[in-house]
Amino acid sequence: MKRGFYIGRFQPYHNGHQSVLEHIAGKVDEIIIGIGSAQLSHQVDNPFTAGERVLMITRALASLECPFYVIPIEDIQRNALWVAHVRSMAPPFETCYSSNPLVIQLFRESGIKVQSPALYERETLSGTEIRRRMLAGEPWEELVPQPVVRVLREIKGKERLLQIARND
Amino acid sequence: MKRGFYIGRFQPYHNGHQSVLEHIAGKVDEIIIGIGSAQLSHQVDNPFTAGERVLMITRALASLECPFYVIPIEDIQRNALWVAHVRSMAPPFETCYSSNPLVIQLFRESGIKVQSPALYERETLSGTEIRRRMLAGEPWEELVPQPVVRVLREIKGKERLLQIARND
Amino acid sequence: MKRGFYIGRFQPYHNGHQSVLEHIAGKVDEIIIGIGSAQLSHQVDNPFTAGERVLMITRALASLECPFYVIPIEDIQRNALWVAHVRSMAPPFETCYSSNPLVIQLFRESGIKVQSPALYERETLSGTEIRRRMLAGEPWEELVPQPVVRVLREIKGKERLLQIARND
Amino acid sequence: MKRGFYIGRFQPYHNGHQSVLEHIAGKVDEIIIGIGSAQLSHQVDNPFTAGERVLMITRALASLECPFYVIPIEDIQRNALWVAHVRSMAPPFETCYSSNPLVIQLFRESGIKVQSPALYERETLSGTEIRRRMLAGEPWEELVPQPVVRVLREIKGKERLLQIARND
Amino acid sequence: MKRGFYIGRFQPYHNGHQSVLEHIAGKVDEIIIGIGSAQLSHQVDNPFTAGERVLMITRALASLECPFYVIPIEDIQRNALWVAHVRSMAPPFETCYSSNPLVIQLFRESGIKVQSPALYERETLSGTEIRRRMLAGEPWEELVPQPVVRVLREIKGKERLLQIARND
Amino acid sequence: MKRGFYIGRFQPYHNGHQSVLEHIAGKVDEIIIGIGSAQLSHQVDNPFTAGERVLMITRALASLECPFYVIPIEDIQRNALWVAHVRSMAPPFETCYSSNPLVIQLFRESGIKVQSPALYERETLSGTEIRRRMLAGEPWEELVPQPVVRVLREIKGKERLLQIARND
């Protein structure tokens, strides 16, 4: 049994994440998807709750061939303990897939193998860009999988973001 | 879409949990399984990590007809905030299934519907009894689903419990 | 301006607290009442929220001659920091009134004057005894000021205690 | 009994707060004033302790017709739990008065009624402007109620702010 | 450079600790002494602050041949992260010396070598026994190194213990 | 016995710290060196763990005439409690040596004597400048004591800093 770990904040989950996960699905028997900063929500940079992000990911990956786990990971504010924290919350895994420099460094110092998948259209495919478009009233739906559009509508995600971004 | 929430510590997951979840599976469209005290492990009363418990539950429910989510829930040490905490970590749900008096009270005060499924063979089917049998060298395997036996062997769960229960 | 500080958990506020506070009212210009373990509620030993305890105290002291402040104090789990914590949450004061040995020791080590008022009918006038009576179905109302009886009825305090004390 | 909740950081309490609270006093039977970020002090943006802020507010509202509670509220760093946290620390209330977009969103998602009182002279009447004037040596006393000027002098508030704002 | 790690709560430091450390001094180039539960003090089971324990240990080991570090280690309440926590607070080490079953298990699961030195007169040489004697007014001084007797006198350690152990 | 307290983050320890400590060594019998923000590491502004900083300091001061303690101090995020926190972690001291305006204010409000030693070549001798040089590939070794250069090489400190500072 070969498991791979992938972490993101998924604010929101988008086509870049989907593309990386479809790539990882071809390399491992099971994927563990960690939702970082799980305790944050209702912030301009972190608008959605962990539960809402669980829903987006699970819906978007409904037809993925590879079994996967979705695990909220709360911050512990201590980088030196973070890998141990992740490993205590997730089923055992042997490879971490990440292109985040800090994540790579922390896993490497812990002696865990890291792979850095190429990111697909990094400039437009980012949570930052999607939140910017939502706030600017520009089209953002094409950047996320269709099931994520539906989840965001159900939870009134864009309305929440617009409200919390208003000036006092 | 009708979702039900069920919470336990699952130290370890056993046939009583399995029986309740099979019952809930007939009532809802999706089940959310919360792993309580997710941050605890390596204690005589809480020997297994959240990740190990995710694995036990997922393996044991592999053939369940009903889709399910497995969500580690860390303690927040404030009962008055616990329902809000659970709801932030889980996809939206409308019914909580529990026979724990405190859980029932907290969800009822929050205005959420609670159902109390009958517990099957409460005296022998409990984490406490299983851990007691492991420590006493008595047979415990019949009390948990077969896949859980396998997970516990892989992670050397009984050996860990015996070691941490030794006297200084 | 001479202020006195008095701390308790007030689970619930009772005639013993009332008697001590009436005594302190004759010694100082203003009283600061700290609600200890403010973050705890819905436990058999700590059934009521800080807000509910604020309400009990304020109602019971409505006709006290001496101005008073009611300040929830969350636990910080570090005894050596507790006096600094209390002082940061409360207006400045010069005397602490307490008969709790730890509170006395901590304030004395910080160089703050401590007075120990005699406790009135210590055996029956305690939160422990009141909660025991509620659980046993014995009369408890005579042990607390009338306004506290009314607050406890409004918040269904006894019903909450009975529910959370049930066995699983 | 109709209670209204109002929250601020009150760094320091000023005429804008006073004006809003006088307005709320005409609408409810009792006011609950929450002191946000109660645990912060001795920072350039948060110079005063919760206890010092309790004192400012209580002094400034000494002649208010409407009974009020002043409750320090520590941050919990999780927006999704914040309303439950506030409600556990405060007596029961039915309306929140706020013009902060995040506070409005959080209370609305919790199903609690929110009113947004008009703010009086928003540009000059803000904690930020008052702290700026203190640091620049400009007159600030006219922006806060007279009793707050006295409290700030007693606690040497301006001297503290000047010291902590110095460069290393 | 070969470093060994030794952990205790040292409430107080006694001859048993001294004997083990003198043994370890013969095996390594440098010793790291971790003070566990560093944040606790003023409790019947944890009467002394981390700083007071640093002083006891440093004084008692003044003539040890082997260089040593004394490092307060605060609890993190998560066993699965504890070894990473210890390693982030201490200089690098390769062997842990411990006879505590949980410490042994946690270090072994992390792949770090553990040695269990024989404990000298375990029944009488324990913090529990020394605190019991202090509370009972029995002689305890012979169980700790002379410099520790002096530190305890300077900080009035026994008086503190007697006071916090009194009944309310 | 006269003890002085000196605090820094030591990211990394440099010649400016060394110069101040040599100055303090002439004024007191023992020095306590507190390592601030001990829980932080693997950040661009806080790259090194507390344990690594303990090692740098101890090595650099190996030939100091004055006995010293090196104590990691975790942040508590509450300025009003910080002096009590420091005092609980350190042996008793009577003077704090600092030129940090907040540290000076906090100790003074606690009634503890503060001395502000002149800083030596403040512009170039700062952790910020040393980290900037490491990232820019400029020479930094002359700014820190030789033993610190060796520690940083052993732990691959510069490589860590370069990696965590990379863009995603």
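Chains: A, B, C, D, E and F, in written order; residue numbering restarts at 1 for each.
Here, contacts are C-beta pairs under 8 Å (C-beta built on N, C-alpha and C of every residue); 3 or more make two chains touch, one makes a residue touch a chain.
As the structure is a computational prediction, the values presented were derived from the model and not from experiment.
Chemist: Any chains in contact with both chain C and chain D?
Modeler: Common contact partners of chain C and chain D, which must touch each of the two, are B, F.
Chemist: In this assembly, which chains make contact with chain D and also with chain F?
Modeler: Of all the chains present, those in contact with both chain D and chain F are A, C.
Chemist: Using mean Cα positions as chain centres, tell me which chain lies farthest from chain E.
Modeler: Of all chains, D has its centre farthest from that of chain E.
Chemist: Report the chain whose mean Cα position is at the greatest distance from that of chain F.
Modeler: Farthest chain from chain F, going by C-alpha centroids: B.
Chemist: I'd like to verify one number: the distance from the centre of chain A to the centre of chain E, where each centre is the average of its C-alpha atoms, in whole angstrom.
Modeler: 43
Chemist: So what's the Cα centroid distance for chain A and chain B, whole Å?
Modeler: 26
Chemist: Any idea how many Å lie between the Cα centroids of chain D and chain E?
Modeler: Computed from C-alpha means, the inter-chain centre distance equals 46 Å.
Chemist: By residue number and range, which residues of chain C touch two or more other chains?
Modeler: In chain C, residues 39, 41, 49, 78, 80, 87-88 touch at least two other chains, as defined above.
Chemist: Using the touch rule from the top of the page, what pairs of chains touch, sorted by label?
Modeler: Pairs of chains that touch one another: A-B, A-D, A-E, A-F, B-C, B-D, B-E, C-D, C-E, C-F, D-F, E-F.
Chemist: Quick check on the complex: what are the chain E residues that touch chain C?
Modeler: Going by the criterion above, the answer is residues 39-43, 49, 160, 163-168.
Chemist: Would you mind writing out the residues of chain D in touch with chain C in their complex?
Modeler: Where chain D meets chain C, its residues are 38-39, 41, 49-52, 54-55, 58, 69-72, 74, 87-92, 155.
Chemist: Under the stated contact criterion, what part of chain B meets chain C in this complex?
Modeler: Touching chain C from chain B are residues 77-80, 99-102, 104-106, 109.
Chemist: For the complex, which residues does chain C have touching chain F?
Modeler: 76, 78, 80-81, 83-85, 87-88
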